[in-house]
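One chain, chain A, appears in both complexes that follow, with chain B as partner in the first and chain C in the second.
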Partner chain A sequence: MQGGLVVSVSVAYLGLLFAIAYYGEKRAAQGRSLTNNPYIYTLSIAVYCTSWTFYGSVGRAAETGLDFLPIYLGPTLVFVIWSVVLIKIIRICKVHRITSIADFISSRYGKNFALGSLVTLIAVIGTTPYIALQLKSIATSFNLLVGFQNPEIAIYGNPFGIDKTLVVAVALALFAILFGTRHIESSEHHEGLVAAIAFESIIKLLAFLAVGFYVTFGVFGGFGDLFHQAQAHGLANLFVISENNDYGQWITLTLLSMAAILFLPRQFYMTAVENRDETHLRTAAWMFPLYLLVINIFVLPIAISGKLAFAGTASDADMFVLTVPVHYGQSELALFAFVGGLSAATSMVIVASIALSTMVCNNLVMPLLLRWQLVNLRERGDLSKLLLSIRRASILIILLLGYGYFRIASESYSLVTIGLVSFAAVAQFAPAMIGGIFWKGGSSKGALTGLSLGFVVWLYTLLLPSFAQSGWLPLNFINDGLFGIGLLRPYALFGLSGFDNLSHALFWSMLANIGGYVMVSLWGNLSPIERIQGRRFVDVYDDTLGQNDPRSWQGSVTTASLQEVVGRFVGSERAHEGFRAYADGQNIVLDGNEIADSNMLANAEYLLSGAIGSATARVIIGSMIKRENVSMNEVHQLLDETTQVIEYSRMLEVKSAELEETSRKLQQANKRLKEFDSLKDDFLSTISHELRTPLTSIRAFSEILSEGGNTTDREHQQFLAIITKESERLTRLIDQILDLAKMEAGRMDWSMSDVDPTSTIREALAAVDGLIQEQNIELILDLYKALPAVRADRDQLVQVVINVVSNAIKFCRHPNGIIRVSARAEPNGLLVRISDNGAGILPEHRDFIFEKFHQSRRGSNQMPIGTGLGLAICRQIISFFGGNIWADNSDDGGAVISFDIPFGEDGKPS
Partner chain B sequence: MAYSVLVAEDEPNIVLSLQFIMNKAGFDVRVAEDGEQALREIETQKPDAVLLDIMLPKKDGFAVCETIKRTPGWADIVVIMLTAKSRDTDKQRALGLGADDYITKPFSTRELADRMATLLEARSGQSG
Partner chain C sequence: MKRSGRKKEWSIVLFCVGILVLLPPVLSLFDRPDFSFGLPRAYVVLYGLWAVIIAAIAYGARRRPENTLKTTRQTPPSRPESET
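And then the complex of A and B:
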């Protein structure tokens, strides 16, 4: 076939593409959008199918059978099952006016410049092999078509005097520049581009199907015949999944392609940035997998027919789509197939280079220019031209990089292998992206660490070996490792072997990437802007803040100068429109002299983001107002609802616990008050009883005596004695009550002196001796003779001993009661212990027995019921002496009342 | 035939005075020092009346009164409760248990003797 014809057809095809793009934009300008429908959207996503699909799948199938499939399984899974991720990414892109994947990641982790440029770098380096792949396919297919019957000017012949591949690269660069850099706002929709790419998806599908139909039904008698003959020629191994049973690689490839459909710069651009309507994704969810299925139906038939047609010859299986029609003399079909391959390659190169140039411009070059102050914002001048120039240059450089890689490495690799190297690079974005939209804890340092580590491992285990295998690096680097260190062999890092090269690289790079991302994120603290962006991305659906960046700007810049600066990036007309729309929305009229408020500044940043990405936009606005005043807003944001709710509920818990405690205390106090009340009632009743009992005798005998005449003399004397005794008893009781009242009121008259304890105790015991004898109680005395004197009121001390011993008499065992009285000197004073052998004191009474209303019911029935005042009086007396009185039970169970009294001035123990 | 009276009281001087008063009024007097002894004495020989102190050891006057009024054949015993406690609730409780009268200490000897005689006459009037 004539080279001129092929060139003419190619140029004509590209011209048609351009016409379509032009038409698409014209329709858009008229408001009759061509591309705002789900089918065009889906077809534009099919930019996924490049010349790798068009040529490479057949090559792969001819070698390893069904192993080409996982590359389509991954995207199918993503669209069918994992569309929740896609929808979320698309929503975030719309809300934040994201222009590229670099913009996305940079914006997510706090509009971080370093992160954006790293992602750009990885994307450019990672995509380079992929672009090389397209260049290789175009050059190879051209050579084959032109030189099939002229082997002398075969693949590396040079009919134009220069390398055809370079020509192709430059031509594609110009085409991409024409397509993609006509407008400056990269988040605006490029309807022409989308229309052209959708058209290309139709062409490549039709071309592939045409070849497939011809082979299956023209050369063979349908699928049955084809597979029958394949079996007859020993090609049955191609029908089964994985010849080597290498399911590990299947999984690797599926995972890689899942990452690729989401994060390849061009896929991200087409799927997320160019998306017009989220509902279009519903159609794409079934239609895109269907597209993949249809374009793969004839892969195996074409591969088989190629194998059969070129059996025994060293024919490039990657080019069967082209060479099989040529072999059977179908030159028109071959030309159509060439155009199909061209469409597959050009669509990829155009979209990828546009997407990458946006990233290079917005995330790498512009921030650097601004940082190094090579661009003076204060100077007048239209910066949008500068932006466009940067983008155009980027496109050219990217394609030349691709060409460079093609020259260096592509000879030794198949199309598919080159593509997979790119996929593995793109997969490095997965942790930062997936983590970024589902985990608020991810930090920019974590993302930087993860991406860097993953990228370095990718370089070392995939990219560098590809250079080595092409002879650009010494081959022993692969076999012996870096510096001859065996553990550093790039295909068996740290001794890990048994994986294929790709799975090996993916394993180590993902381990390093995810590990670095998660650990560094967990380790450090999030800065306020990282926290805010994390929340706005993860909670994008319920972000009630909408477009309003909570870190609002404050500064003194007029709206006119703000509009002017924005205009220099996006064009003055667009800037004017943007500002007017904002003013309309706010119901205000701008005269240009007012100071831009924080909302206005946010609006300007938003407008700029669409053109130059969020990180750069932030730098520009920041540099205009000199100072970023975020502190108050940061504080507000940090105290966001969640924190407040948690804090509030914690406070409520504390309050409620306090209330409970208070109420518990109140209940206790109330209960105690009731007890006291009841005790007081009992006490009054007891006092009444005690007073009335002697009164009863006195009155009765007085009346008997006053009757006169009916008593004997002896009775007369006896009754008078009783009256006297009961009167004394009454007096004693009244004295006790009054004493206690006085002591409590502090009006007691005390006569304090140094008192000898031994004689005092003996005197008290003598007073109750009658009672002790009467009850047959054994009294055991344990008194040291020479006890030091204590400071006390002697009479009151006698009273204390009498009261306590009387108590012991009342409560000791009957009969066989034993009372033990001991006194000894202790460092702090005299210690007196009076114990009985009764039933002891109930634990619940121990706290009360010195209360004045307390009366135990456990006493002997032989004894008169006490007044309930004895021990209370004792406590008053002892505490006045400066001592303590307390009760416990002895080892044998009886009660022990102990008290101590400080020694007198001269009575310290020697 | 003289009426018999059981004095159930633990305060010796009051027992002595009651014994003297009841003897002078012509009653047969027996004494019990606690509630259980009082019931045993009634069992031994049923008295016509009981002077029953409330604050009795072992079994208080309320319990003794209740037993007397619930035991068949004993219900016609005249029970006069004596108490140093002046609370109304005690008086209500005593009368509720079936006591025939309630006298607060200190009491008038004459009044006590008169009430006792009146109650015993009323009882014999009913039964005879």
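And then the complex of A and C:
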């Protein structure tokens, strides 16, 4: 194929990417975002699939079968727990305006500068082999496609007079610079970039699927045919993960890829920093693993077809995706595959270099410049230009580093092996990150120790040996160990052997890393800012932006100068907008001369964080404030004291409320006691009076009789009759008092049963019949025959009727008295009404006639007629039966006493 | 976004199941050069399990209607008063 054609297709493709990015930014500026949906978000995360996936997986599968898969199963497992880990990281990034993983770790451990720069260093060095991998794949695929039919310009030939890989590296650097560093965004959302990366993800998927379909269904007769032919040609060893059940590397790769999907700088950037909406993750959680699954279906078929097509020749298995279509004469398909590979490589290089350059600028260079006072904040000048220059230079340096590693090491390694070196470096972030979001106790010293130790072990057991194998270090470094010490052999550290190099390196580096992190964290004390940041990261869901912010700045800087400094980093228009939005939110008007309060300073720091990272932002705001600001220690102490005081006062409040409640209850109880006391006094005085009246007459008449004297026989008889009558009255009174006392005390023996009301009422009337006859009173009975049974004590019910009727006898008209007794069934129970034709009851007495010792008198100077206890007893009995008793007057003026009693269990009215 | 504890439990259980079936020793059960359904067994089982896990993530990540949460929080009806 013509080299010119391939070059022009590549340039056209990159031009298209740029157009998409430009369009995406334009749309975003108009407020019609292209990228603010879960599908674009998912595709942008698919930047995970690089040349490694596109070319390297096939190469790996062609050699060792299915063991390329953990690189994709690990991320799937991480996305299973998206709601535990990913969403928390994203939330923290949003709340704290995190711009990179270095920013994240440095912010978590107290905005620590040393930690941020160490993470940046590890990320840059760790990503270098990965970028080299992409450069290698582009260069190799280009050479293959151009040189396949022209063997004279063989691989690594030099048709342009210079190394093509260097050209590729510089071209990609320029491309990344154009893409990601045109201006400083205080929001750190690159809409155009995300749109372009999503497009690249579609292209690489389609290209790979096209080759897969062609191979499986064009060259072979489907999956079944392909696999059976492979078996026939002795390739059955590719059908398994491991032929001898050795899964050490499988486990290592799964763990590494789990760390990679979270902590690779470009993954972190795309997943967390560029996330527009947390709910997008809900879709990406299953769609991204699905993308991985789909792009991996044809890896094994392409690998097998390559093995079959190039059996016996020394062909680079990493390039099967390209060479198989060429082999079968499909040059257009091969060109498409080349574009797919190009998209896979460019997406990785662009995002990684932009993410890394942000880290280098914000966490390494700017803090140093500020510390060495090379940048004077008091001077005028647009610092955003400086920031952009730093980032652009970093991108170029990062790509040149990648090129350097490519020159040194990559010729002797396969793509996957190079990539795994990077994965192992990135895995060093795992303890500090995972510990950082779930464990408040992690300290910056611990993180620093763990990261350093892990990084050094990684360097010693993976990176340096790869240099040695390429001849850049003496080879006996690997065989004999450092300084010839056998225990220090990098592939068998301290004599540990029997593992593959990767598992060996992962074991030692993680041991050192986790051990260092945990031990040092537990050893020392946390500084106040570490404690505060730890709480704000671990409890991020409780923490809403702008509240609970303990980073109290105080100072004497005016808002105008604050806005000016922020403007120098993020651009004056953006700064103006940010300050205006803040003022609107607080409902204040800024004239620029007021002293910025702590909220305003925090807002400025927040705006700066988006552009230059939290650690640098803090340094800048700190240096702005002339007056010595409140130290974190003081703030913390203040917070502690305040919390204690608040807690104490809350306890006091609770106590005082309890006391109030108790005293109120006591007062009530006292009042009731007093009432009872006066009731008792009343009762005693009444009862003694009641008892004394008959006793007085008994005593008087007895004395008259005992004196003998001149009483006639007739008088004699009369006096004795009075004494007998008064004694009976006394007995009755005492009986009633005893009954009432028993009832009130609840010691009455009740024998409750279903009672027939008709017969009961008749029995009671029979008992007072003599009295009725004697007084010549007319009794009218109005009883239904078939009344349902009521639930009552029969004897007590008889007593009630007797009492009420006796009452009626006393108060009815004399002569011509009429008493009417009626009983009928009502929905609530049996209703009994006993009326007389007397004078009736005065309305003001109706409530009192059921009280004890209430006695109605016909006139003020008359003797009382009753004992005053009959109706009180009736009320006690009826209440016990569950009914009511009340008094009113009939139409013709007589008194009516009514009571009702609930029916028995089987006596409900039908 | 409000997140319910149920979702977390679901995803952690699924994670454990995934770890279990995708790592040895369960892995070695189907890692044989045999054929199932006319395809290599390890190939079929691995991609099959993978697809099942993805389906399970999608199931767990689906939006639940608001009221399902509310019904689970309802207090049980108060006991009828005893008859005496």
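Note that the second predicted complex is superposed on the first by the 616 of 910 C-alpha atoms of A that agree within 3 Å, B and C clash if a C-alpha of one lies under 4 Å from a C-alpha of the other, contacts with A are read in each partner's own complex, and residues count from 1 in each chain.
Assume a residue touches a chain if its C-beta (ideal position, glycine included) is under 8 Å from a C-beta of that chain, and two chains touch if they have at least 3 such contacts.
Values in this document were obtained by computation on a predicted structure and should not be read as measured data.
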item: Partner chain(s) touched by A:726 [first = chain B, second = chain C, both, neither]; value: first
item: First, second, both or neither for A:82, with chain B first and chain C second; value: second
item: Touching partner for A:592 - first (chain B), second (chain C), both, neither; value: neither
item: Greater residue coverage of chain A in the superposed arrangement, chain B or chain C; value: C
item: Chain B versus chain C as contact partner of A:710, first or second or both or neither; value: first
item: Chain B versus chain C as contact partner of A:700, first or second or both or neither; value: first
item: Touching partner for A:689 - first (chain B), second (chain C), both, neither; value: first
item: On chain A, positions contacted by chain B and by chain C; value: none
item: Touching residues (chain side chain A, partner chain C) in the complex; value: 66, 69, 73, 76-77, 79-84, 87, 223-224, 227-228, 236-237, 239-243, 245, 247, 250-251, 254, 278-279, 282-283, 285-286, 289-290, 293, 296-297, 300, 541
item: Complex contacts: residues of chain B adjacent to chain A; value: 11, 13-14, 16-18, 20-21, 24, 34, 55, 57-58, 84-87, 104-110
item: Footprint of chain A on chain C - complex, ascending; value: 1, 3, 7-8, 11-12, 14-15, 18-19, 22-24, 27-28, 31-33, 35, 38-43, 46-47, 50-51, 53-58, 60-63
item: Touching residues on chain A, where the partner in the complex is chain B; value: 685, 688-690, 692-693, 695-701, 703-704, 710-711, 715, 722, 725-726, 861, 865
